[in-house]
Structure formats: structure tokens, C-alpha cells
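Before anything else, here is the set of structures, which you'll find just below.
Common to both upcoming complexes is chain A, partnered first by chain B, then by chain C.
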Partner chain A sequence: MPFRLTFTKRIEDVPRWYPFVISLGAIVISFVISGILLKLVGGEPLVVGKYFYTAAFGNWAVFSDTLVKATPLILVGLACTVAFKMKLWNIGAEGQFYAGAFAASLVVLIPIVPPDAPRFVTITLMAVMGMIGGAIYGFIPGYLRAKFEINEIITTLMLNYVAIFWNNFWIFNKWSDAGFQMTPTFPKSAWLPRLTDYARPYKTFMETGNPAITGFLKNIGLERISGMTLHLGVVFGLVMVVVVWWILERSRWGYEIKLIGDNPHAAHYAGLNIVRNIVLVMIVSGALAGLAGMSEITGVVHRLQERISPGYGFTGIIIAWLAKLNPFAVIPVAILFGGLILAGREIQPSGLAMLLQGFILFMIISSDVLLRYKLEFTRTRTSGETV
Partner chain B sequence: MNLVTILHAGMATGTVLLFATIGEILTERSGILNLGVEGMMLLGAMAGFSASLATGNVWLGVLAAVLAGGALSLAHGLVTIHFQADQVVSGLALTFLGTGLALVFGEGLTGQNPPLLPDLTIPLLGQIPFIGPSFFADFNVLVYVGYLLIPATWYYIYKTRPGMHLRAIGEKPEAADTVGVNVYRLRYLYVFAGGCLAGLAGATITLGVSPGWYSAQTTSGQGWIAIGLVIFAQWDPVRAAVGSYLFGALRRGILDLQGPATLLGFVNPLYINSNWGFFLKMTPYLLTIIALILGARAAKKKRLGAPAALGVPYIRGERGL
Partner chain C sequence: MTHAVEMHDIVVRFPGVLANDHVNFTLQKGEIHALLGENGAGKSTLMNVLAGLYKQTGGILRVHGKPVSFNSPKDAIAAGIGMVHQHFMLVPTQTVTENILLGLDDPKFFLNLSKYDQKILELQEQFGLRVPPTAKIWQLSVGEQQRVEILKTLYRGANILIMDEPTAVLAPQEIDDLMNTLRAMTEQGKSVIFISHKLHEVTQIADRVTVLRKGKVTAEGIDAAGLTPAKLAQLMVGREVVFSVKKSRREPGDVVLKVENVSAHNKKGVPALRGISLSVRSGEILGIAGVAGNGQSELAEVITGLRPCTGKITVNGVDIANRPPIIAINNGVAHIPEDRGKVGSAPNMSITENTIMKNYRHAPVGNGWSIDFLKARNFARKLKKKYDILAPNVRVPARKLSGGNLQKVILAREISAEPKMMVAVQPTRGLDVGAIESIQTLLLEQREAGAAILLISEELEELFTLSDRIAVIYEGEIMGVVSTEETDIQEIGLMMTGSRREPQPSANAQ
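Coming up: the complex of A and B.
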């Protein structure tokens, strides 16, 4: 080979903008490769790409739908972030999502509160139950890992399947709505309010008929907001972003989590209780994913049914990694993937969104090498010479 | 529902897990953790089915499956061996990538009928009562390939020089390097071998055990069960075989339990209300967790464990962690 690729370890720190540019480049490359693949199977990458954009970000109404998809993604992205910070590979956010949804729906299905209870009470109780359900489901693999050193990757993944069958048992059986594979619709008191419900001042704005205001709103495509689907769950997500950021970056516990993640031996000698921390982190991670499940059933489908998640738990892994385990960065990444999932629903071939996610994750982790190493092509003197 | 049919079906479905588990054992023994088995398996399943359909030759299908699984695994090899990326995340990415590729390229394969693997009965052995029909009769050819693979890998890992090198690069790569073993090249080789076997496992499903393409349902998590079985098997091919065939029999037994109206003289609750079947469907996944617990306890007792360098990137000229 006349050329040779050499890796030199970076000694100096890279500039702050550098990781960001690299990640962006990785995403662009993944889109390009997926486009080429799509062309290979006979698709029209540019048409599909344009469709993806308009279907996810084309106007305020679809952007609201994108945010609805991003809501559970923010929460499961945070769930993975917390666990990954400690190098705990919780890939069971999917199962914890289902466990949370199940536990939350018990509130109205058993029922724990009557259907005419105040919305505030029902919703709060459901959120708490959802978090408890997810937390219990995260506790099991956490305890097995901490006490018996059972690989949490496998246990969390196996429990995903168990949670889905468990939910199916109840919705096909005891709580089936007239034999359909879903429970009856929840009473209105268990519906998360849509954000448009709070938009009364906005309506009066429009009703004033002031042409300056109405004209401006028309120009930016916001003359009608009544059909918008965005619900209170997104607020849960944003609040949790701040909570997780505070835990990880400002609290003593967050420092312990990072210390254990970086060097468990040092943490052990420093006297940190690793067993307890593993269990606690899995509980928090599970609770966040469980809240995502609760938000989805109370905010979107308003019942417990099959396939409430098109793999949110798995996308959460990619989101956490793409956001470089930074809680605030989870928000834009979740919105991007929310759009991808929303537009990908109606697109053929059906695996395209998944393929794109796989490419992006692959490119991101391979591009990380550029942060740690300088890659240089050097010319070798003679082609016959061995290197 | 009788023992012979369950054993027979168990050996057939167990072969899928066997290939994937032994492949992952080879990969992990070399120090690389590849969690992408499910993706490689699904891609192999699709490639095998599709190539057999396109060429009309089932063997070309098997070849395509093996190469597809192997090719995908090389992406993991590049990222983890040369770029030293996190092996867990890379493996997860591989699962997404393989699943996505399989679903995109597998569009329209449902309901097609490609040539399938031929069935074979071993002369003489197949005639032995009970044993013959359970283990040596009317199986697709790959089941017998699986039988041969178990002693072959065992012998290779424990009794040959390349097998010793394989164990060395997984336990102490820097020591292997000092005696002239090319750690990088061998790790690529065993990642590739693991990918090929995962691809073969996929072809075993779509061209043999349960023919047809059912998108992501085709593998339904068997790649993950295989990774669990590696731990249960303590990275040993013979224990892997026991685990694989047991799980295979179990998967089949579960289906069979729902058939009859009475079980051992009692009314079969599964027959009356098929919803109880959801609990039965959980059992393979729950048993994987139990198998892991058992494996971990046995490992502690015998002081066995994962290859020491599993998951740790090797950087020549640098001290390991």
C-alpha cells in the first residue's frame, strides 16, 4: 500500500465546537448512505427525504405531532442517560415503558379512583403509579446485577419481551374492550390535557381582530391551533430534563454516579456503596421510562393497548448516546428522532427509519475516534516495504 | 404430544441457537463482545431466503446468509478493533443496522416460496428405535452440520494451536502479541466467524426450521437469547449445545402444550382460555434470566468467568486498563 493510515493520540483538548461538528457530520453521512441504499432498492431518496421533512417539520400542526412523538423519547432518552452515565447498560427502557403504562392504567382500570374524580388527582396518581411501575421493573435487573453480577444487558432485554406479553395478557383478557385487543377508553379525567386547552389568552388575541397580530400569526402559519395534539407530557419531559441535569451535574449523588461509571475500583476504594448505587440508578432509570409509558397512554391513545411503543425504548439508547449523555442535548435529538419516527410510520419500506437510526448510531460511535485520535494519511516510501 | 416429536423439533429449533451461540463464543473468546447477534441473524435470514428465491439454489442461499452475517460483523470489527469504540454501543448499533437492512431489503419477501433445505435421514442411526426418530431422522441438513460443529469447535478451542491463540488474545492480548500473535488480525477473523455463524443461524430459520419471511418476527429475540446462552455456557461449546437444544425443545414444548384438551387427565387451562398462553410465551425469556443466574453461580464456584480482556480494546504499545 502506498499510503498508510496512522492514529496519533490527541494530547491537547479538542475545541468545544469540534464534537458538535463531528456529530453533525456523522448524521449527514448516515442520511447520505441511507439515501444510496434506498436508491439501490428502487426508491427515490430525494422524494423520500422531502417527504420526511414535510411530514415531520413542514408546518406547525405536524411539528406538534413531532413533539408528541418526541415526548416519550425525551423521557426514555433521559432514562438511558442516567444509566449509561454509570456504565449500566439498561436496554430495557422499552419494557419499563410498558410496565409504567400498565401500572398507570391500573388507576382507572381497577379502578383506584372513580371516573369522576378530579383530573388533577387522577393524573397525579397515574404519573406516580407509572413511575413506580417502571421503577420496580428497573429494580429487578438492577438487583440481579448488583447482588449476583448478572449481566444487565441480557436481563433488561429479556424483561422487555416479558412486559409486552404481560400487557397483552391483560388487554386480550380481563380488560379487553368487547374482545378487542385494547382496554376501553379511559374516562376524561385520566386524559392529559392538551396544551391548546391552556391557550385561551391566545384565542382572545386572535379575536381582537387586530390585523397586525393576526396577519403576523398567519404569516408564520399559526392562525389555527385548535387541532394541535401536543399534550402536557412534554412538560413532564422538560421538567425531568432539569431534574436529571441537577442530579447528574449538581448533586453529590450525580458525582458518585459518574465516579463509579468512570472507575468502579477507585469508587469502591473511596468507600462508595456500589451495590446500592447500581440498584438506585436502575430504579431512577426505570421510573423515567415508566413515566414515558404513562404519558403516552394518558396523552395520546387514552387507553392501554397493544404496540403503544414503536421501539421508543431502543431509540432512547441512540438518543442518549447521540446527546453525549447531556440531558439538555437530549431535547433536540429527541425532536429529530420524533420527526423520523412520525414520518417513518407511513413510509415504505418499513425498516427505513430503523436503518437510518442504526446508521446514525454507528457513525456517531465511529466518529468518536476523531475526538481521541488524529488520523493521518502518510505516504510510505516504497510499495514493497512492509510496515 | 409425545417425547419424540418434542425432541425432534427441539433439536431442529435448537440448531438455530446453537450456531448463533457458538459463533458468539468464538467472538467473545477473542475478547470482542458483539451484541449485534440479533441483527446479523435477521440479515442472514433475509439474505438466505432472498438469495435462494432469486437463484433457485438453496445452497447459494445459505452462502449468501453466511456472507451477509459475516459482512455486517466486520463493521463491528472495524469500529471496535481499530476505532476502539465502546463494544456495547457498537453491538446495539449493529442490531439496529442489521434489522433495518433486513426489513428494507426483505420488503415483499413474505409469502414467497424459495427452494428449502433438503431433509436427510442418517442410514443405520436413523433406524434405532426412539433415538433414531428423535435425533437422526428427517432433519434438514444443517442440523447434522450443527452436530459436527460442537466437537469441532471444542477440539479447536482447547486442543489446537490456533485455538490456544484464540484464548490468549481474549485473556491477555499483550502477552499474545509479544510472542508474535497478530491480535488485530485474529480478532477480525473471530468477529467475522461469529457473524458468519449468526448468518447461518438465520438461514436455518428461513430455509429450514420455520420457512418463510415474517420480518422482525422471524428471529423474535433468539439472537439475544443466544448471547444469554453464551454466559450460561461459560464460553464452552459443549455446554452451549446443551443449552441451545434445551431451549429449542422448550420453544416447541410451549407450542404443543396449547393443543390438547386434557393434560395428564386434567382439563387443560390453556385449551380453554388461550390467553394463558401469554405466560407460556414469557418462559423462554424468563428462563434465559434463570439460566444466567445459574451460570453466574456456577462460574463463581469454579472461578470461571468471561475472557479477561472481553470488551477491552487492545491498543498496541499501550498498557491495558
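Coming up: the complex of A and C.
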């Protein structure tokens, strides 16, 4: 080999922009590797890539669909971020998502409010119930961990299945819609409004017929917005990003979370109640995942049914990790993964999107090495002596 | 005659720092060579070059006369260099033998442990390093764990042994054992590099001494015979060091801390404190003397709320026994913990975040539910300046600070709370002469300010310098409390080995 590769440990911290560039590079490399793999099996990487792009980001309508997929991902990503900051490995966002969806559904299934109740009341109540449902479901492993030191990874993971089957029980036995594995459609008052519902000013714009405005909207591809699926859940997600950021970066509690995460002994020494904090963090984490479940059934499927999540809770783990536990970074990562999920459904073989997800995760995790080590290529001299 | 190690003109440059500035160092075969210097003088850097952990920017390295270039610790081990780090690298749940074999190619797949146990026993016999091969690491004392580390390097065929501050964690008898081992090793042709802060040990054991200051050599391989600690300290610090920090006369005030009949278990569930009673008054330093592991750590922990106990502990009349640490903190108890890294600080958090650990709940740093990070930073900057904490800025994570600077961060944090009661455990352990002096001075200032101080230390010299009274602890019991002026090292030493002072003083007597 004419070159030699050496790793040397970094002594100084890397500049702030460095991790982002590395992560971006990792994503690009995973695209390239997926492309090579596609080529090897006889596909056309560029064509597929282009198709992927159009299917997820090609126009406003599909981008809206991408954002719909990204909405629960933002919330579960935040759920994992909060827990991971304290080095509490909540692998149960999936179960908390189902628990939230279930609890929110109770509002219309029992029903707690009549079908003709004002939408505002029903939706608020469902959001609160969803968060409570997820919170309770996070509380259980949190309490077990805090009080009896039962490993939360195992309990949260196992409780995922419990939640899924619990849901199944009720939709098969109690609230089945004519024997199908789903509840009847929720009344309209329990549907999260689509953002286009708020677009009355937009319509008036178009109706003015002002060519400057219509021309502009046409240019950016927005001459029609009816039928766009984006719903209010995305606003929940964005609000929660700010809330979680504030908690983690500005609040006393966030400082405590990070202190416990970095050194629980020091936290105990500093007078923190670790037991209470573990439980609280799991409650908040669960509530965020529960809200994701509520947002998904009220904004997209409009009923409780089987498989309301294609593994959002698990993807949330990846998202939190890729976003380096930064709440704002969760947004772009969730959108990327939302696009992958959306486009992945439209191409064959359907596993491709999953493959790409796997590559991205793999690359990002391995790229961490570059944050801690410096890579150096050295030319090997012909004499065989290295410099 | 070829030297075991020759380091010539070694330069190690870190970003912004010249850690080793053209350093020369030679180790002769069969000698114990002490490497001295303050924290940050470049000792560890130099030794890490020799152990293959760092690569020098310039200079030549020869081992047994042959020029070598180490790219990894593996290369250094292959060249017969073994390093025993200050922090042990052992697997607590595995046996001594398993730890020694860890990472070796032999045994390959099937473990015939008893065969290797035998081999290790032979090695132990050879150097007088006794430790049961089948014992699990967590069952061993710190001194025994260190022996395992030494055995590890010997088993790998090391004939040059680097010991990084080996005595910092040891009890007095363990230090003697270690010294005997080191002598046995040099008699059998091995060479030892001994990094230390403790000057009297250096003059006792070393054949030759090399002193570093700020990355440069100030004394290269001088004969240890005839060197005095004072001379060495001067070489290290570059100025005369006043060894005894002077404490003023001061009449103690009211009783602040009162410990009555307190008992507690240690972390293995064995009784560690058996009915301890003592009291500390305002403006007074009560020293606790004792051989390591006689209940000192547990005593500090029960007072600060970190460990459950029975009995009564009051601070200014408020019972704080068996209550969460926050109660002690709110009642003005400050704690300089024994383990700076594991308990006293959060390694990946900044200096700022480490300094606000105890005051983030209240104004000015705490602000309702939020933290005013601007004020927090200003607070940290103020402490950094006042306590002379050496760091580029307050955003530096705690793990990047040297031991002395980290200790200053902890002291600054604890003192800034204006404590009524201060529990200081081994506050100067592992620090260099300069840092020790400044930390001892800070403690005396607290005494002047009227704080009651419980000083737990294994350094008798330190106890005699700082304390007004000394209590001796042995197997979880107080053997006696004596006024520093009316006692001497012999008497304390006797009590440390378990003889009670007669007539037994009433524990609450002042």
C-alpha cells in the first residue's frame, strides 16, 4: 500500500459546525452506498434516486404528505431526546404511542364527549388524554427503574408489545367496526383540522384574480392547495420542539436532567432527587410519544385500528440519535425519515427505504469516530520507512 | 553500558501548549527513577509517549539502545514497557487471573484457569506481590488491585515499569509493601519509573530523580541520596516552598456539628461506623486521622446525607441524619468529596455548569423555573479569577482540568456558598506542592471566617498543620480526641492501630 491510514486521538474539541458537516457527509455516503448496491442488483441508482426525491419532495402535495409522516416522528424523536439526555434508554416510545392513541380514542369511544361536541373541546380533551395515556405508560417502567432498579431497556421494549396487543383486544372485541379490526370512524369533531382548513385568506387571494399573486403562487407550484393532507399535528410537533428545547437548555429541570445523565453520583451529591427525576422524565417522554399517537389517529387514520404505527416509536430512537439529542435538529431529521417512509412505499423492492435508513444510522454512528479521532493519510516511502 | 530507556530531545506539542519542551530522560537498568513535577508539568505526557499512548512531535526514543517508534501501547508492551495507571483498568466482576489474561493471545479458546492461577502464583512469589488469583477484583482492596495491575504488566514481560502516582491511593502499610516489591523487581534487573508528588517517598526509594517544570527539565537524573524534600520542592515549583502553612490562634465558637452515637454500614453492607460521637465548633478544624478504610468515607457520607445511618447528627441544632443530601446543603453543610471525578463533578459539563451545582436553585443563578445562564457564566468567571482556576475559559468541560484545578473548582463552589460546616475529605490528595499550599490556605481562611471544618485526611502532616484537634478513627470507632498542641505523631500513630487513649475522653468533651 502506498498510503497508510492512522487514527490519532483528538486532543482539542472540534469546532461547533463540525458534527453537522460530518453527519451530512455520512448521509451522503449512505446514499452513495445504497446507489452502488442498487447498481449491483441491476437497478438504475440515479433514476431511483430521482424517483425517491420526487415521491417525497417533488411538489407541495407530496411534501405535505412527507410532513404528515414527519409529524409523529418529530414527537417521538423528542420523546427519546428527553429520556436519552438523562441516559435513560426509553425504547418504549412505540408502546407509549399506542397507549396515547388508545387513551385519546376513549374520548370518542366511551364516549366521554358526545359526537356533536365542539371540535375544540373534543380535540383538546383527546390531546390531554393522549398525553396522559403515554405518560402513564412511561411512568410504569420509570417507577420500576427508579425504585427497584429494573432495567428500563427491557421493560420499555417488552411493554411495546403489551400496548399493541392491548389495543388489538379492544378493537377486536369491544369497538370493532362490523367485525373488522378497527373501530368505526371517529365523528368529524374528533378529526384534527387540516392546515388547508385555515386557508380562507389564501382562497381570497386567488379569488382576487390579481395576476401578480396568482402568477407567483403558480411559479412556486402552489396554485392549488385543496387536498393537501397536512394537519394540525405538525403544529403540536413544532410547539413541543420549542418546549423541549426550553426545558433542556434553559430550565432548572433541564440542568438537573443533564447533570443526572452525565454523573448520577454528582447529582445525588448536589442534592437532586434522582428517583423522582427518573420517573418525571419517563412521564414526559411517554407523554410526548402519547401525543404523537393522538395526533396520528385524529389527524390521519381517524379511527383506532391495528398498525397505526409503522414503527414510528423505533424510528424515533434513530431520529433522536441522529439529531444528537438537539430538539431543533429533530425537525430536519424527522422530515428526511418521513420522506423515506413515504417514498419507500412507492418503490420496489419495498425494503429499499428501510435499507437506506439502516445505512444512514450505521454511517452516522460510525462517523462519530471522526469526532474523537483525527484521520491521517501518510504516504509510505519506497524505502519502506514511514513518516 | 546501554540504558534501559533513553529519551532524547522529546518535544510534544498540543494545540496551544508545549507539553514537553526538548526533554531528556534516561533510565538505567535496575534503578528506580523518580519523575517529579507539578500537575501539568508534563510528566504524564512524557510517560504516555514512552507507553505508546502519545506520539512525540520531535525527539528520539531508545529502548535498550535500539531506536523505537511506538504507534500504539501494543508496540510499547512488545518492547517490554508496562504502565500502571493511577486509575486502574480492571474488570470488577472477573477474577485476578482473568484480568491478567485479558487481551492476550494465550489462552486461545479454552480456559484452563487453574493452570494459569499456578503461573500467576509463581510470578507473585518472585516479586512478593501477594493477591489470591481466584479472588474477584471487587473483593480486593485498592492496594491489592494495584498489585494486580503490576502483575498484569509483569505477566506481559515488562522489564521497564512506569508507575503513575502509585502511592496516592494506598494506606501506609500498603506503601511499604509496594516499596518492597519495587526493590525486589529492581534486584531482578527490572527498571522502574516512579511518578510521585510525595517528596519524602521520593527521597526514600528513588535512586535518581528527574524533575520537570512547565514542560522543561530542571534536574536531569540527579542522585537521590542527600536530596531533601525542600530542595526537590524548589526544583519543582521554582521557588522556595513554605511547608507549614501558618494557622493563627483562634478561640472556637459555638458547637456547629454534633454527631451522637452514629452507626452505619459501608457499601458492602458491613458495619463501618460503630457508635461515633464527636462535635466541631465554629472556627475550628477537627482532623480525622486513621488508616484508609476505617470508616472515614462513611463518616463524611452520613454527615452530608449520602449514606443512611442510625443515631443523631445535628448542624446548629437541626437534625440532618438520615435525610436527603439537600437537607444538609440547605443547612449550610459544604462537602469536598473524596472522589473529585466520580462524586464532586460532572466530567462532560462545563466549568460553569459545575460551579452552579449547589446554587442553581436560588437567585441570582436560578430564576424561578429557569436558569439565568448569563449570570451563571459571570458567577463562574468570578470564581475562576478569584480561585485562580487555570483554564482557557469557563466553557471547558471539567474532564479537561488537571486534578488541582478541578479541586479548585470544587472548593470554589463549596466555599462560595459560605458554609457553616465544611466536610473536607482528602482535599489535597494527589495534588502538587503548589496546589496543596493554596488549598490548605483556603481551608484556613474558612476557619477564620467562622466555619466549622471536619478534615478527613490520611496525611498526618496535613492534619497536624491544619487541625485544632485530632480525632483518630479505627474500625469505625473513635479512639480518642486530642488537642493538636498536646499530642505528637507517635501518639496518633498508636491510636491509628487501635489502642484507645487512656483515660478515655468523653466524646463530647471540648
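Rule of thumb we're sticking to: the second predicted complex is superposed on the first by the 364 of 387 C-alpha atoms of A that agree within 3 Å, B and C clash if a C-alpha of one lies under 4 Å from a C-alpha of the other, contacts with A are read in each partner's own complex, and residues count from 1 in each chain.
Here is the rule we go by: contacts are C-beta pairs under 8 Å (C-beta built on N, C-alpha and C of every residue); 3 or more make two chains touch, one makes a residue touch a chain.
Source: prediction; values computed, not measured.
After overlaying the two complexes on the shared chain, residue contacts for A:Thr124 are found with neither chain B nor chain C.
In the superposition on chain A, A:Thr185 contacts neither chain B nor chain C. Using the contact criterion defined above for the overlaid structures, shared-chain residue A:Leu352 touches chain B, although it does not reach chain C. Contact with chain C, but none with chain B, is seen for A:Trp253 once the two complexes are overlaid on the shared chain. Considering which of chain B and chain C touches more of chain A, the answer is B. In the superposition on the C-alpha atoms of chain A, no part of chain A is touched by chain B in one complex and by chain C in the other.
Interface of chain A with chain C (complex): residues 6, 8, 11-12, 246, 250-253, 255, 258-259, 262-263, 265-273. By the touch criterion stated above, chain B contacts chain A in their complex at residues 35, 39, 75, 78-79, 82-86, 88-90, 92-107, 215, 221, 224-225, 227-228, 231, 273, 275-276, 278-279, 281-282, 285-286, 288-289, 292-293, 296-297. Against chain B, the residues of chain A that register as touching in their complex are 37-38, 41, 89, 91, 144, 148-151, 153-155, 157-159, 161-162, 165-166, 168-169, 172-173, 314, 317-318, 321, 348-359, 361-362, 365-366, 368-369, 372. The touching residues of chain C, counted against chain A in their complex, run 14-15, 55, 71, 304, 306, 324-326, 328-330, 335, 337, 339, 342-349, 353, 356-358, 360-361, 366, 369-371, 373.
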